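Reviewing the structure listed below.
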Amino acid sequence: MSLDIESIRRDFPILSRTVSGGKSLVYLDNAATTQKPQSVIDAMTRYYEQSNANVHRAVHTLAAEATEQYEAARDTLAEWFGTTRDNLIFTSGTTEAINLVAWGWARANLGAGDVVLITEMEHHADIVPWQLLAEEKQIEIRVVPVITESGTLDMDVFHASVDDVSLVCVVHTSNVLGTRNPIEEIITASKKSGAKVMIDCAQAAPHHRIDFKGMDADFVTISGHKMCGPTGIGCLLATSDCINQMQPFMSGGDMIEQVTMEKSTFQSGPAKFEAGTPKIAEAIGFAEAARWLSQHDMGELHAHCNALAKHTSESIRVLPGITVYGEPGSGDGSGVVSFLHDSIHAEDLARFMDAGGFAMRTGHHCAQPLLDAYGVTSTNRVSFYIYNTMGEANAFIAHLEHIIERFG
Amino acid sequence: MSEWPKPLQDIIEEFVDVFDPMERYEMLFELASEVNELPVDEWNEGNRIHGCQSEAHVECSLQDGLFFMRGGADAQIVQGLMAITCLAVNGRAPKEVANLEPTFIEQMNLKASLTPSRSNGFLNMFKRIKDEATLLSEGE
Amino acid sequence: MSLDIESIRRDFPILSRTVSGGKSLVYLDNAATTQKPQSVIDAMTRYYEQSNANVHRAVHTLAAEATEQYEAARDTLAEWFGTTRDNLIFTSGTTEAINLVAWGWARANLGAGDVVLITEMEHHADIVPWQLLAEEKQIEIRVVPVITESGTLDMDVFHASVDDVSLVCVVHTSNVLGTRNPIEEIITASKKSGAKVMIDCAQAAPHHRIDFKGMDADFVTISGHKMCGPTGIGCLLATSDCINQMQPFMSGGDMIEQVTMEKSTFQSGPAKFEAGTPKIAEAIGFAEAARWLSQHDMGELHAHCNALAKHTSESIRVLPGITVYGEPGSGDGSGVVSFLHDSIHAEDLARFMDAGGFAMRTGHHCAQPLLDAYGVTSTNRVSFYIYNTMGEANAFIAHLEHIIERFG
Amino acid sequence: MSEWPKPLQDIIEEFVDVFDPMERYEMLFELASEVNELPVDEWNEGNRIHGCQSEAHVECSLQDGLFFMRGGADAQIVQGLMAITCLAVNGRAPKEVANLEPTFIEQMNLKASLTPSRSNGFLNMFKRIKDEATLLSEGE
């Protein structure tokens, strides 16, 4: 393994803080949001301290600098995600990106009787917009179930369902189980049946280099804050065909070509969907996050997180009272381990772990249908990232064992 | 309302002497089994406490004109808090219960140990108990 | 005047930079976006370096800190805007806030034949969403014209138009002319006629302390970046009645109560409209901006900006070839001066001013219908803020005079 | 394509010697009046250059088989750029114009002086001229 984790950790100021009365922070809540390297924080500070101005139609120096940095951020990110600037629409995150697909594309192109195929593994962000649209447009939502033992999609049902579908929306990597779905297979089958396909890459982008062109999906959604970037920014990647088929969603300044009181005409391309003053500092920070990640081998990053998850899952699975969901670390997962203890309530367990310095998430992870499939209302979840160490995993396991002894 | 029944007063004093937060949790866990228990098969929507991350149920009634509660939860910390609450309210006149404030939580230094949702859940529970006590006292 | 401008300037790191080969930056583009005080930049850095985590349903220490800071930001801002946390919905800015009124409230509550009254002075953000909605719902848009000489709304037409109207949407303060509209009169008349009323306070909030309760409007929209806050954040203030009448706009995580594959139920209050991971750092920065502003007397700030605009407008109005639009600095304006030279193209003039260090904006300012009323397609615009000095105004005037001599 | 007609070559040399950007603007302004002018009453949608912040119009034609353009704009800097362009293209064979690159902008050190939208507008104009020259050469 050639990742130099100790040197990587030094890039993240928060990792040296302590919690709960002097305990070293062990941050294992990366699927919720990752920490930010100094370079990302500095890029935003530098923007505010040196170049802050509103962008576009810019003549003065600051506005020109801000515009250049903002548009350069788009280029950097487009390249990082394997596409071009004309296929990248900035959004506030995956949630807005999916809503943009629903309200901008699907609402304009789907109608009564059309079928949207989703899965039981989806995050609420990829369920609720479709329900609202289905209600308005009498669209049918069809759901591919999860095989709970393996924590994978039932691909037989998928293939049996995809034939007459207009749009397939599938999460690339589950935020609850860490499962990486066979998206190549999903995309190929969807395309074959003539369906458009959207892949929710909120959890995938931090762990894989997204290659939008290579994937051949129609839409891909990404959140900056889950891949070392700032809050409040993300993007939708979309093919030019789909962008051309989209109707405006948010409207106002910047997305128009000409406004009269009678009628307005719109820009073409991404600009049509980026109304109002953009998230300028955020875009710059997001691009810096891609730059930071580009220093590392994403394959190694992925293997590292996966190894930590596999070790953790294997070690805690055998502890008394513990159930681990899915098969973390097996195959191609993303460093997530969801589990429960049979008598210590998830929230209390999280509290006890926090007292030892371990930050883990508890709850339904915005995936209630998936948790329903497992018959639970919440899980404890640890999720690893590039800066976590095997030492942290072992300390976590040991502390969990200790808590179970004491409270189990 | 600093005068709590002797058994609760004793518990408060035990808690005050403890400095390790984990030990306080342990004591709460032990108390869980001492609740006047509402068995799981009596849990229903009607007696459910809302705004809690965990399932929590409370039944209140009068016995010989005095207030009496039973509780049950899927989280032992919540059930421990219920046990303490039982000590605070059971056997009092319902009117008295309707006017109680759960100051024992602070006296026990528990406040900081509870997560926001636990804290919130506890306050919801206590409010529910007071509301029921009000109803019971009006029915008298 | 008791504002200590020199000390205020020291709070803004960008103001000490130079542009165009060593010229001191004179930043006169505040209506586009204001600069950020160090305390706002630091608040975000501190969040990222010390407390960054995803908020809500939080057990671990960082998540609890982040949630507390995020929700405290909501409290701070609600108080600053004269309302409560239950009436403040975070958005990415005014544009999203107006879209939320259009798609969340108006779309659910207005229908064929209902009238939305706007004005010729509106920013595109308060025109285009209504046009899109009108198309979908057969709503009528009625427009109050501007009296071009004074740069004010034709209030006779307003009063003659408001009777059978369902929703009145008016800009509080014009971003092109600096005109402060008689919003008390507008709100009173709208209420009397039974209409709901939305006030676009993007330009007002930097110059006046918004008192949402006192104003008695139904909706108020605000952008953080125009009042010393970060990019990517703003808010919609809305009465509880209106919030209860609103349907979800963006949907996904956090805004739900319960999700099943059959049906979802939603949170009540602001949460229903805040889908996905929030703009956490931005909210914290925005609140810090309000805190920074709260150190100063907003009345003095306003008088200061207005005095600079009045002086500038009076001084340049008499220069050969210059036309000033509206009556900047008269009455209750916001420190904006829009003008044109009759032979030097606006863009070139801006470029020549930039060469002297002066940052001013050029273009249609996202208000094409207003510019149409003046028969122009763009203006040069200077806009002052609390950190600008009379010395800067005079230097601007002198440089403009010099440019006109040389190129006019 | 470093060989420009003598009048343009002279102007390039004048510009190269100037270090004050304001002086360069002044020179461009002066050149504005030397454009082969397209009077305002001949401006229409058909000869409008798009993607420019200002109004800019260009008409191209052949005179005795040689390329000839006239231009007009509401901004003098744009018109100045047009005047230079006239010097570069007028009187050449249309085929030659179709293959020209506007390298004189860089040779004059003008690139940095132009705003992005001016720069963009100029490139659009030059492309339009080349396209028209191509058409004209095909029509020959």
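Note that the chains take the letters A, B, C and D in the order they are written out, and that residue 1 is the start of every chain.
In this section, a residue touches a chain if its C-beta (ideal position, glycine included) is under 8 Å from a C-beta of that chain, and two chains touch if they have at least 3 such contacts.
It should be emphasised that the depicted structure is a prediction, and the values quoted were computed from it without experimental measurement.
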Count the touching C-beta pairs: is A-B or A-D ahead?
A-B
Measuring centre to centre, with centres taken as mean CA positions, what chain is farthest from chain C?
B
Option in C-D, B-C or A-D whose residue-number contact pairs overlap A-B by over half:
C-D
Report the inter-centroid distance (CA atoms only) between chain C and chain D in whole Å.
41
Taking each chain's centre as the mean position of its Cα atoms, how many Å separate chain B from chain C?
49
Sequence positions of chain A contacting 2 or more other chains:
57, 59, 347, 350-351, 362-363
Set of chain B residues in contact with two or more other chains:
53, 115, 117
Chain C residues within the chain D interface of the complex:
343-348, 350-352, 355, 362-363, 378, 406-407
Chain B-facing residues of chain C, complex
57-59, 64, 67
Interfacial residue positions of chain D with respect to chain A in the complex
53, 115-117
Across the complex, what residues on chain D touch chain C?
21-22, 25-26, 29, 53-54, 74-78, 113, 115, 117-118
Chain A contact footprint on chain C (complex, rising order):
13-14, 17, 19-20, 25, 27, 29, 32-33, 35-36, 40-41, 44-45, 48-54, 57, 59-63, 92-96, 98-99, 120, 123-129, 131-132, 141, 143, 223, 225, 230-233, 248, 250-256, 258-261, 263-264, 275-282, 347, 350-351, 353-354, 358-363, 366, 368-369, 372
